[in-house]
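One chain, chain A, links the two complexes that follow: it is found with chain B in the first and with chain C in the second.
So, the complex of A and B:
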């Protein structure tokens, strides 16, 4: 029996900010969920199950927060699942929800991811003082910066490429009312003059720390037929993982990322992603990851990704727009960041992306990764239902 | 075999909570010796109050005051109170249905022994002398002979309501790095770096983990690597991290020790930070009494060719 086609009929998110001191965690997730329901013109009673995701519990210090969030998300008396795959969790949460619809376990599923980073300190949460180990590392930037240098060495990319990505994403964010950073006076010179934190990564090439939530309503063909606005159809979705560190790991272009993309393209019948996909919303917490992922996801040959960035192909008006929403570089409620990528892909093919809409976007890829380039989750959504 | 290492690990952080409107009213109420519940769509009063109706999922904001007296609905005796619990002498954990409420509030009951507590007994709140707007403003419950105390009919509107609290959390672990890393650490005390070779792929893991993550088999064969190695990639750290006592800027590098199947991480010294480069040949520098090399310094050899280390980034 073939799978049930999965449609996105509702998308909602909070206005992402550094600290939402006016709401509890329950109030934060509720806001995004209510907006997704409103978009779908559905009520809590129309939801059959809830799938929620967030990054490590240390990021707020609430163990298993999904338990206390059941009533805020209308999950009482319904199945509720929590997913955790580090930074990629927003993506894998959406895929777990989509699989419940595809398998005809449920007709309509609410999926949501969040982080309220202001309640803790992610840098603390990621660097516990483990006995017998030598403390050396200064945050996630310190972990990823050597991989960026390795990419530059491998490809010969000029050292300005990272600043071009940051300048582009921050300008895209100005068109997105939900983005955290709205730097109206941004210039390329300012990006390039910002301090080096973890050379070769500059301050302006790093993501902020945000409070926010993102939700989607996923449904089957019957649900899509009742939807008030055009649905986004899932054409392919996959997850892959590999160890954080192992002998032979390619940290610049991890095998798990390549395999994950290949699986999505196979499901969706994509022969040439560069030609067949109209836009990409990818997980870029440090600017250089745009060219790195362009290669990893097959949009450019190895060593050629930076040329797409440098020549303007990935600009909002370019031939392959990347991170139309402003990306993780402009908004990073960690657990929600993957789902925001997936949701932006859906908004684009629904024609609902507002000022950052890519004209005529028919097939858009949403991408997330997490851990030490260890977990990958991706989906391709389209404006037309899948063929088979 | 040497004894496997163990050490305490305390994970501790003062988490902050923004309360939202309902928890804000509830905790501010406790400060003022007022207990608030919330009325649900089907007319029940929940204490402590929640923001969303558990039956209809609707937002609920109808706050109602309940009495500071109530009835024990169930209990369990706590023989050995632990740090941070409401009382430091043995007490009963109780669920108390306060007069006017439909649900139980979890708290401590101060009685001399388990014989002095029973389901259905009447109790009242013993307020803390100093109250800040926290659940600890209720010091505990105590036995009480009498009917419902009068609630004042408070609406839940307060001047200078609290909007956030600090919720310190602490978890105490006993951490052990396991057999393989214990051997690695013991070897370091002799200034030797000893990894383990995978019997399947033949790669040498440094530090060893006791298993090969790609082949999924146990490793046992010990192999000494280094002491020399190659900087395969690095970054220059310009910001100081909390709890990290290293002067910035410093170079954080991936170093493939000669013979190792993957790079380990270390600091580069003995050379200006802006002259460090991929391919630099280095050797560890030890300081007296330290568990790990303090840093790695250049050996003076010619740089390694990129082709020789490009798989070890």
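So, the complex of A and C:
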């Protein structure tokens, strides 16, 4: 039994900003969805089902908001699924939608992820006090900083590597009209002089809080044949989860991330990711996660990831560009952040990435993670359809 | 299309409160139960999918705690929907259809007891125009019930009969929260009396799905999913005909429910009046056994009650009491979103 090949034929996102006070939540998601439809030259009537994802409902203060968004997303009379897998949700949502096509349940599916963080306060939304349970402490930065320190101690990476990542991603964002932060006067010195938030993570090495939505139109082989622009083909996709805390957990390089990547590479026939993959759009909410994920995803040997960053390999003009869009460090509507990574990978292999296009990108990995480094979702997309 | 079946089902004894248990502690026995029924271990499961709500739990990422209970080590292929477990089952079904997995564990849970669930559910409504008015779930269901009475589709004695039948049938269901002779009581929100409304309670459920021959190895009489589909309606109550459920009818059509009669239907109708709507939409005659479990009027653990309907329908097939059953799950105010599954046993 073979799966139906899945193609991305439409990508749309909003201009990500700190607060979209001009639109409702419905207005925000519809804007991204309409742009994805326009890109695919399809109408709402062409969509068979809608798969929507976002991070915790507390971020907007709306319980199961997909119920209220059914009208805005043209889902009335159609199936609508709502995915929630923590920070990886944008990626997971795309994979759930892709499965509907791969299983031949539907021909064309709209998938969308969003967060309108200005409606609330994400840091405290994550830190609601629960009796008898360990508090997360002032948001995600406080949770992840010790893992970064562990990575630095383990690998002996110089203190400056984090700032190099931030400086690169913020400059990449200048080439992406949809990115939230456009810091035209950024310098490496400014990054290194920014205030320390959670040692060793400085203010300029952490992600912003954004309002934004991202949508994709996924379709089958027949749909791809009708597409007005080159499709991106899904060559592999996987999710993996592991517990939050347990004896023996490697918080620096979680097994679930390694397993997830290995599954994707197996599906796509990737023997050597460093050689066979042209670019990576990965979930880096704090700068140091770039070298950490380079190792976790098999692009560098253990302890060697920071050397790729330091030597410029991951720059836009480098040998393995990472976070061409500017990444999560430049744009972070949390629930949408995973899907933006997946969508950027698709834009790259379609040749639609504009100023941040990697020349000749044929296979690009999209990566997302969430929770306590425990939920992973990834896909590899290519400019050519899968072989099998 | 690949044949996929429910091969095991388990649920908690549903209770008004479970102060003594965390969500994970409530869920664990149910997970062990379905694994024991099939002899599978966590590591044997190809895909895991769950449904729950952060708003009921009162904390972000509440499902991560449940995952710890599942024992996700070595890492597992896993996903979660912020929906009733019936939709988690739907996601798992599509995963099995792709051939990526041969077995799936699906679970869901909800504790309504820690808060005021009528107030909590108002947070589901349009956040700009409706939620600020805090119309609660009983009040909205009462609007629907009154519309049905005004249309001549039912009356208060008929609603009372639905309530009485459900609680009488629940006597045979040891998991039910409300069973036997339950007084109709006073009006909670006219025309709905307390007897027309579901009990508020805590509970969890789990099922195991398996594909093809694997299902036959794991279960003597698998409950084959012949069709499953779900549809959503507009959110604004003012643009809907509350006396009808076109989304249920369409989902049933797509699931093949009308191709041949069913002998049993498990309907997720938390309010007596909603059974009237669903019977009409699904064209169920008096010859069909409706909610032999007692339905949501006997136990309504939010986020699990829909999955329990599918589980109960499957369990009837497992036991040989049913050959073709319909199961229904709902979400949102006044039956906004509906899922229909058609299950069959092998010929006896």
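In this section, the second predicted complex is superposed on the first by the 383 of 388 C-alpha atoms of A that agree within 3 Å, B and C clash if a C-alpha of one lies under 4 Å from a C-alpha of the other, contacts with A are read in each partner's own complex, and residues count from 1 in each chain.
As a convention for this text, a residue touches a chain if its C-beta (ideal position, glycine included) is under 8 Å from a C-beta of that chain, and two chains touch if they have at least 3 such contacts.
Because the structure is a prediction, the values reported are computed rather than measured.
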Partner chain(s) touched by A:266 [first = chain B, second = chain C, both, neither]: neither
Partner chain(s) touched by A:74 [first = chain B, second = chain C, both, neither]: first
Chain B versus chain C as contact partner of A:60, first or second or both or neither: both
First (chain B), second (chain C), both or neither touched by A:226: neither
Partner chain(s) touched by A:103 [first = chain B, second = chain C, both, neither]: second
Contacts of A:86 with chain B and chain C, given as first, second, both or neither: second
Contacts of A:275 with chain B and chain C, given as first, second, both or neither: neither
Touching partner for A:118 - first (chain B), second (chain C), both, neither: first
Partner chain in contact with A:24 - chain B first, chain C second, else both or neither: both
On chain A, positions contacted by chain B and by chain C: 24, 58, 60-62, 70-71, 76, 125, 128, 130, 133, 243, 245-246
Residues of chain B defined as touching chain A within the complex: 5, 7-9, 11, 13, 15-23, 50-59, 163-164, 167, 169, 175, 177, 181, 185, 198, 201, 203-205, 212-214, 232-244, 246, 249, 252-254, 261-262, 265-267, 278, 291-292, 306, 310-311, 313
Chain C partner contacts - residues on chain A that touch it in the complex: 1, 3, 24-25, 55-58, 60-65, 67-71, 75-86, 92, 95-96, 99-100, 102-105, 125-126, 128, 130, 133, 238-246, 254-256, 259-260, 263, 371-372, 374-375
Residues of chain C touching chain A in the complex: 1-2, 48, 53-55, 58-61, 63-65, 67-68, 71-83, 87, 90-91, 94-95, 97-99, 120-121, 123-128, 131, 229-236, 246-247, 250, 331-333, 336-337
Touching residues on chain A, where the partner in the complex is chain B: 19-24, 26-27, 30, 44, 58, 60-62, 70-74, 76, 116, 118-121, 123-125, 127-139, 142, 145-150, 153-154, 195-201, 243, 245-249, 251-252
